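Same chain, two partners: subunit A is paired with subunit B first, then with subunit C.
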Partner chain A sequence: MNLSDFQIIYDERDSVITGIQTTLSLVLVSGLASVLFGLILTPLFFSKVGWVRGSIEWLCSAMRCSPFLLFVYVIYFGLPSYGINFDKYTSGLVAMIVYHSAYMAIIFRSAWVDIPAEILEAGTAYGFRGATLIRRIIGPLLLMRAIPMVGNQWIQIVKDSAYLGIISVFDITAAFNSIQSIYFNPFVCFIVAGLLYWVFCLLIELIVNLVARYARERIA
Partner chain B sequence: MNFYDYLSFVYGAVSTIGVSFIAIIVGIPLGLGLALLRWAKVPLLGKCAYVYVSLVRSCPAVTLIMLIYFGLPQFEISLSPLVAAMISFSITATAFNCEIWRSALLSFDRSQYEAAQAFGMNRWIRFRYVLLPQVWRSSIPGLINEMTLLVKNSPAISVIGLLDITRAAQRIGARTYEPIPPLLVGFAIYIVIVMLLIKLQKHLEVRIRSAQEPL
Partner chain C sequence: MNASVQHESKTHQAVLRVQGISKSFGDNHVLKDISFDMQKGEVVSLLGPSGCGKSTLLRCINWLEIPDAGHIRLNSERMGYAVNGTKVGDAQLSKMRSKIGMVFQHFALWPHMTVLENVMASPLHVQKRNRKEVEQEARAVLKRVGLEDKINMLPSRLSGGQKQRVGIARALAMKPDILLFDEPTSALDPMLVGEVLEVMRDLAAEGSTMVIVTHEMKFARQVSSRIIFMDSGHIIENRSPEEFFDNPQTDKAKTFLHSVQYK
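Let's look at the complex of A and B:
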């Protein structure tokens, strides 16, 4: 390991930047989409219809037992046999969104269960029900309680995005892997890749802390 | 799927479980050690433990395993794929378990520790009979959760050419042109592993609760 190894990475910065862009777009889109879908799925856990509740619980436990890579294979290799063809990037993105939406739904459900029953009763007593109850009473409390766990899940999303290199999506890990296979400087390459992921996660932590502080100030 | 396909699932399951198991065995005590360093606020080492945990927790399993397997030979350290996988998963497990132990230590009431000190118990007895039982009890759910995370991250070992459950499933699918059935078989194996871990958690919790019943 010496300075010239870093020089090589600098010279190959084009592919590094492409890799960062790919990872960043994957993380941003699937991070936001999974929160949105998670929020849509969560009320189904409390549905009065038995089969709706049963199927959402089954779906989420299935995702919890499956490794992310296995699910990526189902989307990337499995779906084409049913006539659904995605390219590498899209199937990676779809896999990330679906897989992590299930986790987000689980997170929001546990936050929902945590809300004291008195608050809900008070809300109903004041005449809130249905969608208004969710939007005015449950929603804000739910989001505030869920913020730290959502942050953890976002870090998980960053880490899971590295698996997509296996189906040859050109993300950060794949970019550095291609550089090291040409110049044989694997140690420095993967160290820099690890540091880049670290920066991603520190940024997420920063954003989560800011949002949590904003939420506390709003509520207090 | 023929006999050899099922055999490859068995091989895959053995390496998945083996690598995860080693990581659990190494990660639980080392994680406790790091957590104690941070809890006791040991001057320099505590900070080092903090940086280590923060770095490793954000590093994807695939990247870490490639760093260990492809990167270390630059320093004349050549590892077999299996050893590299075990080392990399142990590193991750140590970092995650450190956080779990630490949050248990934070909720531990320090005054008990001081009371034990006042009764003249030495450092080891205080740790073994006052601190550890309580911390262990509140860590069990987190530790088991971390074990399922390890199992779910184990497909990363396929990037250095090891055969795990997911790779076995994918290879069979590539040969038979029917990718879904082998993936479902693999999925079923993961479900069994996760269920067994949850059973272990229930078992441990029941055992601890029965040990605590007032006489």
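Let's look at the complex of A and C:
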């Protein structure tokens, strides 16, 4: 490892920047979308209708217990045989969103169960019900209670995005992989790539800590 | 004759009628055929050893627990049922519940809302009243419980006594026909009990209709128009506070008063 290795990376900054942009957009879009879809799915766990509860349990279980890479293969290589074709970036994004929405739903469910019963009971006693109960009382509380777990999941999302190089999405990992394959400097390339992911995660931790501080005095 | 007419009209205007309420959890018969009436402005304290069913009875009144048998009538409207005897849906039930103010042992404030938001929440989002009007009234009830300087605080910043006064303000803001208090001072430091009881005393004096589950015997004696004493799911005494405290009729009540060291 010497200085010229870093010089090479600097010279190839265009592809590094493209990689960073791709990873950033994947993480941002799937990070936010999975929270949104997770929130939409969560009430289904508490549905009064048996088969709705059953379906969501099974779907989330299937997602959580399948390897992400395998799931990406299904979307990118499997779906076209049924006439559903996404380009590689969209395939990757769809896989990220669906996969992590299931995780988020499970996270929000546990946060929901964890809300002290008396607080929800007060809601019922004061006439809150259905969508109003969820929107005014359950929703805000479970979101704030789930913040640390959502932060963990976002970090997982950052790391899972690196798998998408396998279907030729040009993210950070793919960018540095292509550089090292030309200049034969794998050690420096992959270390720098790793540092970039770390910076991503530090940023997430920073944001999560700020929001968690806001939430702490509002959850019980 | 005159008395009986008066009695008739009184019965007619009962705010709350509890008729033959029974409730079991599994093999545990918590309430056995409980009946009593409450007139407007009456304050009833429910006393009895822990586990005698007081809290369950309170929770049956606003249908947080659904009784196995019997009726609850609030202003002659039957809780949980429509006029034609069919069970009502959530929407109708929510409307009925919003005429009952409940104060919880552990406050059960909504922790993500400020004091003012807690008090405004139900009138605004359940009763769907005008925001300006609701806010004005919320400020007024908070002033009444002595918390006008805490309106923008979060519950987590308040003392237990202050939290419970918010709980009472929240109940009042719905302009309920009846107030239910489920051991409102049991979770408080002894030195904070007084401020809550004082607010409740004022409410009683102003003519609120109240059902109070409490272990504060002196307070119960001072504010109640009637004491209902329960044991193992039955009402065994239902009398004026003077009669109950000075001359309890049943051995259970005597033992109870002795055990709480009431003098």
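Just so it is clear, the second predicted complex is superposed on the first by the 215 of 220 C-alpha atoms of A that agree within 3 Å, B and C clash if a C-alpha of one lies under 4 Å from a C-alpha of the other, contacts with A are read in each partner's own complex, and residues count from 1 in each chain.
FYI, a residue touches a chain if its C-beta (ideal position, glycine included) is under 8 Å from a C-beta of that chain, and two chains touch if they have at least 3 such contacts.
These numbers come from a predicted model, not from an experiment.
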### Task
Pick one for A:35: touches subunit B only (first), subunit C only (second), both, or neither.
neither
### Task
Between subunit B and subunit C, point out the one touching more subunit A residues.
B
### Query
For A:179, is the partner it touches subunit B (first), subunit C (second), both, or none of the two (neither)?
neither
### Message
Quick check on the superposed pair: does A:165 touch subunit B, subunit C, both, or neither? Answer first, second, both or neither.
### Response
first
### Query
Between subunit B (first) and subunit C (second), which, if any, makes contact with A:96: first, second, both or neither?
neither
### Task
Would you mind writing out the residues of subunit C in touch with subunit A in their complex?
62, 64, 90-91, 93-95, 97-98, 100, 102, 104, 106, 108-112, 121-122, 125-127, 154, 156-157, 170, 174
### Task
Using the touch rule from the top, collect the residues of subunit A that touch subunit C in their complex.
116, 118-119, 121-130, 132, 136-137, 140-141, 144, 217-220
### Message
Under the definition above, what is the set of subunit A residues touching subunit B in their complex?
### Response
1, 62, 64-70, 73-74, 77-78, 81, 155, 158-163, 165-166, 172-173, 177, 180, 185-187, 189-191, 193-194, 197-198, 200-202
### subunit A contact footprint on subunit B (complex, rising order)
54-55, 57-64, 66-67, 70-75, 148, 151-156, 158-159, 165-166, 169-170, 173-174, 178-180, 183, 186-187, 190-191, 194
